Amino acid sequence: MKIKVGINGFGTIGKRAAWAVSKQDDMELVGVTKTRPSFEALMAIDQGFPLYAACQDDVAGFEKAGMKTAGTLDDLLTKVDIIVDTTPGGVAEGYKSKYEAAGVKGIFQGGEDHSLTGISFNAMANYHESWGAKFSRVVSCNTTGLCRTLYPIDKEIGVSRVIASLIRRGADPGDRKGSMLNAIEPSLKLPTHHGPDVQTIMPWMNIQTMAVVTPTTLMHVHCIAVDLKRKTTEDEVVSIWQLTPRVRLVRGKDGIKSTGQVMELSRDMGNPRGDMMEIVVWKDGIKVVDDHLYYYQAIHQESDVVPEIVDCIRSMTKLEQDPLRSIAKTNKALGLSK
Amino acid sequence: MKIKVGINGFGTIGKRAAWAVSKQDDMELVGVTKTRPSFEALMAIDQGFPLYAACQDDVAGFEKAGMKTAGTLDDLLTKVDIIVDTTPGGVAEGYKSKYEAAGVKGIFQGGEDHSLTGISFNAMANYHESWGAKFSRVVSCNTTGLCRTLYPIDKEIGVSRVIASLIRRGADPGDRKGSMLNAIEPSLKLPTHHGPDVQTIMPWMNIQTMAVVTPTTLMHVHCIAVDLKRKTTEDEVVSIWQLTPRVRLVRGKDGIKSTGQVMELSRDMGNPRGDMMEIVVWKDGIKVVDDHLYYYQAIHQESDVVPEIVDCIRSMTKLEQDPLRSIAKTNKALGLSK
Amino acid sequence: MKIKVGINGFGTIGKRAAWAVSKQDDMELVGVTKTRPSFEALMAIDQGFPLYAACQDDVAGFEKAGMKTAGTLDDLLTKVDIIVDTTPGGVAEGYKSKYEAAGVKGIFQGGEDHSLTGISFNAMANYHESWGAKFSRVVSCNTTGLCRTLYPIDKEIGVSRVIASLIRRGADPGDRKGSMLNAIEPSLKLPTHHGPDVQTIMPWMNIQTMAVVTPTTLMHVHCIAVDLKRKTTEDEVVSIWQLTPRVRLVRGKDGIKSTGQVMELSRDMGNPRGDMMEIVVWKDGIKVVDDHLYYYQAIHQESDVVPEIVDCIRSMTKLEQDPLRSIAKTNKALGLSK
Amino acid sequence: MKIKVGINGFGTIGKRAAWAVSKQDDMELVGVTKTRPSFEALMAIDQGFPLYAACQDDVAGFEKAGMKTAGTLDDLLTKVDIIVDTTPGGVAEGYKSKYEAAGVKGIFQGGEDHSLTGISFNAMANYHESWGAKFSRVVSCNTTGLCRTLYPIDKEIGVSRVIASLIRRGADPGDRKGSMLNAIEPSLKLPTHHGPDVQTIMPWMNIQTMAVVTPTTLMHVHCIAVDLKRKTTEDEVVSIWQLTPRVRLVRGKDGIKSTGQVMELSRDMGNPRGDMMEIVVWKDGIKVVDDHLYYYQAIHQESDVVPEIVDCIRSMTKLEQDPLRSIAKTNKALGLSK
């Protein structure tokens, strides 16, 4: 029997999560919610995703626009085992009690605090912590990216300290509002939330993060300096990441010199929506000096957490005990090579 | 028997043309050329497109990168009926004599002058002019956009004069070089080439164009003012474009307010590469006052000419006499709704 | 005796208006208001402009930040003959009654509707309409730009119709919020307000405007097509604008090809804040065909209205009857060459 | 007697250096060179800077444009004691032998390698190394910024290690060419040149740098993590920088949250060209944890080296022995507060 999944909030992450769930043979996408009859709601219908109004007050808007809804979130909650909450940051707390009352498990996103759930999720690093949990939180795109590349380095070589500068995109490509058009804005409150967020997954990790926002829409880029517990080589680091799921090595010398070309690669690969769910590390940007490692990685903020959401569902609903098997199953269904 | 097609230049347009040709049941994609072993060359191989070096000197580069080529452009020319020249602007003249010597028909792009071929092409407006031609030119993305929406208005209502301002994107998303980062640059040489270019398709059209370049990568936008030969209504104009192939009406009130949301729509629709091969007209941006029509349209510079290339092949190789049947056949193969 | 002037709102326009008024020998800057103790408030104090809190509630904020205020707007209104309202768009209506009650004249900005005052102002085109008026409105930066170049052409040659496309900047350089980062957004509601706004100055002008917003901060650019009442030449048009106050001709062939270089020129000229209060017309972008004129102009949205505000004060307070003498006086005080 | 100074190359740095030299009472600006009669050449003439053609071949161009030159670089070299070479990166080597042959001292810019001169310059950190030197090099804008803030911390507290990520602007505001419009591009070759460049000034400094380029024009921003030789507090760090010349502390809570507002501040301060010659450190972005210091700084790439050039002239020509007196003298002449 398939696990019945609902998506609350059909925005940037929600629409991708809906697609991803719909591709899994052990899950059934029961429906998605939306507050307004925008073109994105039309797209949900076009893709055959049952559309629910977020609340009763929203129904009239859909009707006026000639869109039939299958009910409201309350109705959806009666039909699902688990709900993926992809509502905008800050409103999740209110929803949590609703899910609880309906006896439905819930997955929140990295925009929410760890304290909301007490459990955070990354498939490789702590799959089992969400095992059977009522609520869990898939960490943000940036934190997911940091976990994906740091966890295997820590496991194989040992990490004693990480200093990472996050160069954030200012808005998503379709966002109406964004950062300043022609400026760089530092995140003055230090440490930024990303370091502590990594520690919700790997509490032992000594990591400090700084961040700036820049006027670009495609991807975040991280500049990462790692102090290791022993000497290593660039070859060893490369060979570790070559085996790491959801990490892709690219090279500037192949013409992939910026996030612009990474996205071009994604489009050329035929990825749905031109997404890049893997963390992209520049192979010719890796530098090792004794026990110090420096590298750059690019994070596709719209999509990298999507396969993590699928794996989190499996852990929470006890569909699959082995993280590597869940990862492999998800990857295959979503067209990821490893 | 299928028409054998080669693509000379596997860049922004070339890779899309290759894909489009490969989807036609009356055409066979024999091969594509590339000068360097970049990631785009790898993608050609991944998609199963036979890869040819542009010239003998380029072969070594591919071999060094471990990519096997099927030969050079000269070899490719012995195997095809027609070549789509998607080389960068300005070098086509040299290639033309090569194609001629090989007895191969050739389609050039809008970056080249009309004088190179003496015939320019738009599927709706002048399909028959390229009938059986040795060489033709598919006009540029902007000119294609102007022809797509102006031709049916001229045919149904009559156009006496057009003034269009073209707000151009500064570079394609994956381009390494582009316009100034934070400036608007007018095209001082007036008239810009776009008006005369429309007249290579519709010589009777009275059209003046101005243009500026802006720091964005997604699409061009046109502000178009049309003096008509008679009074009309917004409803009549809408009903004309609703029937026009490769024109899509969108609405700001559905949340599609900018080129950013148009591209989001394309991605949500599942279009390959997130492309929008249709010309997008804002329905709620159409204004008619007596015999004056004002409208905005958005042009996806990377892809709108792609279906035109396919139709141009059919006209030049006499595969299909009826433009509307060629258009319908192309559209179906490429997933365009009309 | 000098006219006593207050500035309500020390933002982008307000701080420039304060500076401009302080430079006039027939005016006295009595004070400026601000709502919060930001760095701009500090700059007001640094320049010796008496600082008033916008209202009593704001006083505490300044005190907490260690900034002494000279009182509130209400206090300021008891000391001035005229107030320049440079508050954000939309709140002016409420202030108007306050000014009226205090028996103080008021100048509003182009962000407000013409109906607020019933009189709009451009120094060259309708200086006398504000003569002795209680309230007037200096039209917006874009409308000011259109009036500056169209009025003399209309007067000398005669204008029968104007079609203008306005390519707007998305935000000012220091604005925290702005347009989309990588998109072009058309102003769908047609006609845009700019055409009717020109008609508040020149009611006889037949003008239609369209507009798009682009992700740049420096200047707006207009693409303007003018039908004239008789044939002309590029030379005649140039000679008209060479004599027109606050219009500057530049050339692409001197390296001024975009708004980026126009702003570089302003900085090189030593203009305060690097402003360009003149409307910039590209001389080598002017094209005349018989009785049709096409041209591009750039508008510095932060500053072009500033000298108009000064002239408007003179007209409303009957300081100077001759518009050309007021313009010359203002220009000299502000360092404008003509 | 005043030291006679020439400027070779009147571009972004050259025009500022010319202005700065012209403000010093112990220096005389003899002339500046330019290759083409652009608007910048006109501005040189407007400011009364004698204009020299870079070489004989360039003279005709100026004459054709109606600009009189005072001769060529060769003529200029016969009249000066020292030349500031602000030619574009990479051509300086050829000029060096020319200067040497003319018996003229030369200052090169950070775009050139340290090996060109064997001496690099920062006023606070190593003023005496250029004492009487024939050739010296003022390090790049980024390196100057790193030296300005790190040198006093190292001197007062002791620095054991620095990891800095440089978020670079993609082009200057008036540059015709720049970085990608909508992408982040990492500098893959590690370490970037900035770390070793700091070591040409402070060889004992243990510093690693990474860098990315972003699509903005205003300033660079650095994210800096410093391991100190002893514990400190944020207050101590602030008090050190408060006393450090050419370092300005700003606060996000005053509304200065990004490089956009830093530049707005510069314009509001009335700085020539709106420049910010000081390194800007966000006071509320300084974080100290035991013996670890984290901070953000912004670098105005167009101007921060300008006062250093003036001081370098004084050191090389033995005008002033005490660095602090030279710095104070320069600052006063240029309007810098400390």
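Letters are used for the chains, namely A, B, C and D, taken in the order the chains are written, and counting of residues starts over at 1 for each.
To be clear about the criterion, a contact is a pair of C-beta atoms (placed from the backbone, for glycine too) under 8 Å apart; a residue touches a chain by one contact, two chains touch by 3 or more.
These figures come from a predicted structure and were not determined experimentally.
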Contacts common to subunit A and subunit D (chain labels): B, C
Chain separated most widely from subunit A, comparing mean CA positions: C
Distance from subunit D to subunit C - Cα centre to Cα centre, in angstrom: 36
Chain centre separation in whole Å, for subunit C relative to subunit A (CA means): 47
Distance from the mean Cα position of subunit C to that of subunit B, given in whole angstrom: 42
Touching two or more other chains - residue numbers and ranges from subunit C: 173, 175-176, 180-183, 215-218, 257-258, 260-261
Of subunit C, residues touching subunit B in the complex: 163, 165, 167, 169, 180, 182-186, 188, 190-191, 208, 210-221, 223, 225, 252, 257-261, 282, 284-285, 287, 292, 294, 296, 298
Subunit B - residues contacting subunit A, complex: 15, 36-40, 42-43, 46, 173-176, 181-182, 217-218, 250, 254-258, 260-261, 263-265, 267-270, 272-274
Residue ranges of subunit D touching subunit B (in the complex, touch as defined): 170-171, 173, 175-183, 215-217
